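Two complexes are shown next, each including chain A; its partner changes from chain B in the first to chain C in the second.
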Partner chain A sequence: MTSGSHLLPATRNALALQLLAIADDEFVIGSSDSEWTGIAPILEEDVAMSSISQDEIGHARAFYELLAELVADGRDADAIAYDRPATGYYHARLLDHPRGDWAQTIARRYLYDTADAIRLEALAGSSWAPLAALVGKVRREERYHLMHATTWLERLAGADGEPRQRLLDALERLGPDAGTVLTPLPSETALLMADITSGSGAELESRWRAAIAPTFERLSLPLPPPTRSPESARSEHSTAFRELHEAFTSVRLIDPEAVW
Partner chain B sequence: MLPPSTVEPGDAADPEGGGVRLEPYEVFRQEKEGDPMRHGGSVLAPDATLAVHYARELYGRRQESVRLWVVRRADIVELDDPDLLQPPLDRSFKKPGGYVMRDKLEAARDQAGTSKPRPTSTTNAAPSAKRQPGAKTQPRSTPDPDPTPEDGSP
Partner chain C sequence: MIKAQQAARSASESAGSSSPALSAIRSAIGEVPDPELPIVTIDELGILGRVRRTTGGDGVRVELHPTFVACPATDMIRASVQARLGEIAPSLAADVVLVFDPPWTSDRISAGGRAKLAAAGIAPPLAADPAGLIALDAVVPCPMCGSPRTGLENLFGPTLCRTIHWCPDCRQPFEAIKTV
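Up next, the complex of A and B:
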């Protein structure tokens, strides 16, 4: 059913890379934001952020499962998620930043969720039915994530003094990497030709910048600058990510047979 | 008495003392379409928007609700005056225990040509479970243990 046997090899490889990019993005932001469990600003927010992080891990699992069926190389979702060295992950550089303070987490969530929404929109009508079906479900959950991030972005931006300053600092750190979520994948031509996605990375990025501009303008926030080093948008990961990788692979290393 | 309706900075709910004023919101939830709204619990939030987010996470994230009502506790009109609710004199004459409604109801139904609503399952047919299907966990609306059907109470 989900096997890509009817796909041309070039298309299948391109599709596999696209699935890996989304799955790794969701997996890394979910793992990173889950660090707030137990220490979020208030109990209710603790539950909310933990739940959102869990949602992201759930999305990652669904995309890893799709990938596992597509490539059918004997690895299951867990093997793909946990059995790679830190250098083998394919997430966007925006997610290489640590969760930082609350303002950085919110700023990153907002930048990521808005970009992810544009990416998913372009995949919703995918010619590869299993992907279109999964994206349809994921988008319904991401809608809430974006509501949550927007609510907080508005609060931090609208509060004078420290909250706004922390948000501005975070946007300055994250801004040059924000566009990496939509930086074109090397294989995107094959995806476009096969109608697996409806927009090139460049189109999606300009759509994303147009989508966030009104909010940034309303809140008097600086828009993210052009993407820094787009050629390494999904490689050369940071020390912060290596530490995160060490943490999320630790159980798997102790007991590879452990089940959920 | 309802618990205090605001949390001051420095309270346990505001360990940072950052000056964010949190207010309790009461959350009511509906398990499935047609069910009554039941009180689920409460959340603390600085405003209604975040209260709805938190209500969604605490009372809806496991798909256990199809609808939530989120109400600022301060907006609830409360009545807890014992003179009005628990007066000391004998009120037994206000209870329907003295009436046997069953025969009268049946006659009225016969006259109207409507049959008695049938319970949907055998467990609901037990005399002790004369409630609407789907309301199994709802406390009786009256503390009176009299088995008169609820639709016959004055």
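Up next, the complex of A and C:
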């Protein structure tokens, strides 16, 4: 069912890159945010951030499984998730930042969840049925993540003093990389021609900026500036990511047979 | 449990030989309890989807609709269904697959399942909105006293499919199944 044997090779390669981008995004933000388990500011947020991270890693697994069946090169979801060097991951640079303090985690979740929602909307009617089905399911769950991030963004932005200042500092660090989630993939033309996605990266980015503008204006927050170095949006990873990679591959290195 | 055994027995009786009727297979595996909410079955939760013979008739294919993509109980449910099939139809090759089309939504929970959840103090989900997404600001009535004055405490609860609420009339927290 998920075989891509009827796809042209160029389309299949483009689809594989799109699946890898989404899966790595979900996997990296889920792994990074899961660091809050046990140490979140309050117990309720410990539960919430742990659940959100669990969702994201589960979404990553589902996208890696689609990718594994599509490319059929003998690797399963675990092999794709864990058996690459840090330089081989294809997540957006926004997710290269460490989770930072709570304000940075919330700012990144808001920026990511809003961009991801736009990306998933464009894939919901995908001509490749297995992707359309998974995206339909994932979108229902992501809506809860966005509501959580929005609630916290409003709370931090509306609090005078340190909370708002920390949020502003986080947005300054993350802002130039926020658009990387939607930076066009090199294979974008093939995806558009095969109706696998309904929008170019440029269209999706302008849709995303329009979608977040009212919230940023209402909260008097600076909108993310144009994307810095879009040509390396998904390459050249940070020291923070290399440390995260070392942590999330450590069990696999000890015991390759361990399961999710 | 007795009901499950009866279903299993009738499945093997109706088989006559080695091929129980599909309806009997379905009702037997439908009795598998949800590992995280054992008061309800996978049939009542709408996790059990199509059950059909595979081409050639020498196997049975069972479709399961995971409630949440990341639900850690999914593997356990799949194994339980596989085990139940082994009991009632050992000669059939079983193919238990996870499907997302159509996606599981909380609208798939049966009326009987909703009643059992409410009786256990877990508020059943509200109707998913017409767009098929989630009604986020709707009031969830208290499953104990029916109060509409409840408040959302946490969008995330003890499992991925539950939220946490507060009832000011009972002065108690309660859980609800996420409307999704």
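Keep in mind that, in the parts below, the second predicted complex is superposed on the first by the 259 of 260 C-alpha atoms of A that agree within 3 Å, B and C clash if a C-alpha of one lies under 4 Å from a C-alpha of the other, contacts with A are read in each partner's own complex, and residues count from 1 in each chain.
Quick note on the criterion: a residue touches a chain if its C-beta (ideal position, glycine included) is under 8 Å from a C-beta of that chain, and two chains touch if they have at least 3 such contacts.
Quick caveat: nothing in here was measured; it's all calculated off a predicted structure.
Engineer: On chain A, which partner's contacts cover more residues, chain B's or chain C's?
Structural biologist: Of chain B and chain C, more residues of chain A lie in contact with C.
Engineer: Just to be sure I read the superposition right, which of the two partners does A:H148 touch: chain B = first, chain C = second, or both, or neither?
Structural biologist: both
Engineer: Tell me the contact category for A:S198 with respect to chain B and chain C: first, second, both or neither.
Structural biologist: neither
Engineer: Can A:G136 be said to touch chain B (first), chain C (second), both, or neither?
Structural biologist: Touch partner of A:G136: chain C, not chain B.
Engineer: Once the shared chain is lined up, is A:T249 touching chain B (first), chain C (second), both, or neither of them?
Structural biologist: neither
Engineer: Report for A:S206: first if it touches chain B alone, second if chain C alone, otherwise both or neither.
Structural biologist: The answer is neither, since A:S206 touches no partner chain.
Engineer: Check whether A:T37 is in contact with chain B, with chain C, with both or with neither, and answer first, second, both or neither.
Structural biologist: After superposition on chain A, A:T37 lies in contact with neither partner.
Engineer: Does chain B (first) or chain C (second) touch A:V47, or do both, or does neither?
Structural biologist: It touches chain B and chain C both.
Engineer: Just which bits of chain A does chain B share with chain C as contact spots?
Structural biologist: Correct list for chain A: 44, 47-48, 51, 144, 147-148.
Engineer: Using the touch definition up top, name the residues of chain A that touch chain B in the complex.
Structural biologist: These residues of chain A touch chain B: 41-45, 47-48, 51, 144, 147-148, 151, 155.
Engineer: Once bound in the complex, which stretches of chain C touch chain A?
Structural biologist: Result: residues 68-72, 99-101, 103-105, 132-134, 136, 153-158, 160, 164, 178, 180 of chain C touch chain A.
Engineer: Can you tell me which positions in chain B touch chain A when the two form their complex?
Structural biologist: 13-14, 16, 22, 43-46, 49-50, 53-54, 56-58, 61
Engineer: Can you check the complex and tell me which residues of chain A touch chain C?
Structural biologist: 44, 47-48, 50-52, 54-59, 61-62, 129, 132-134, 136-141, 143-144, 147-148
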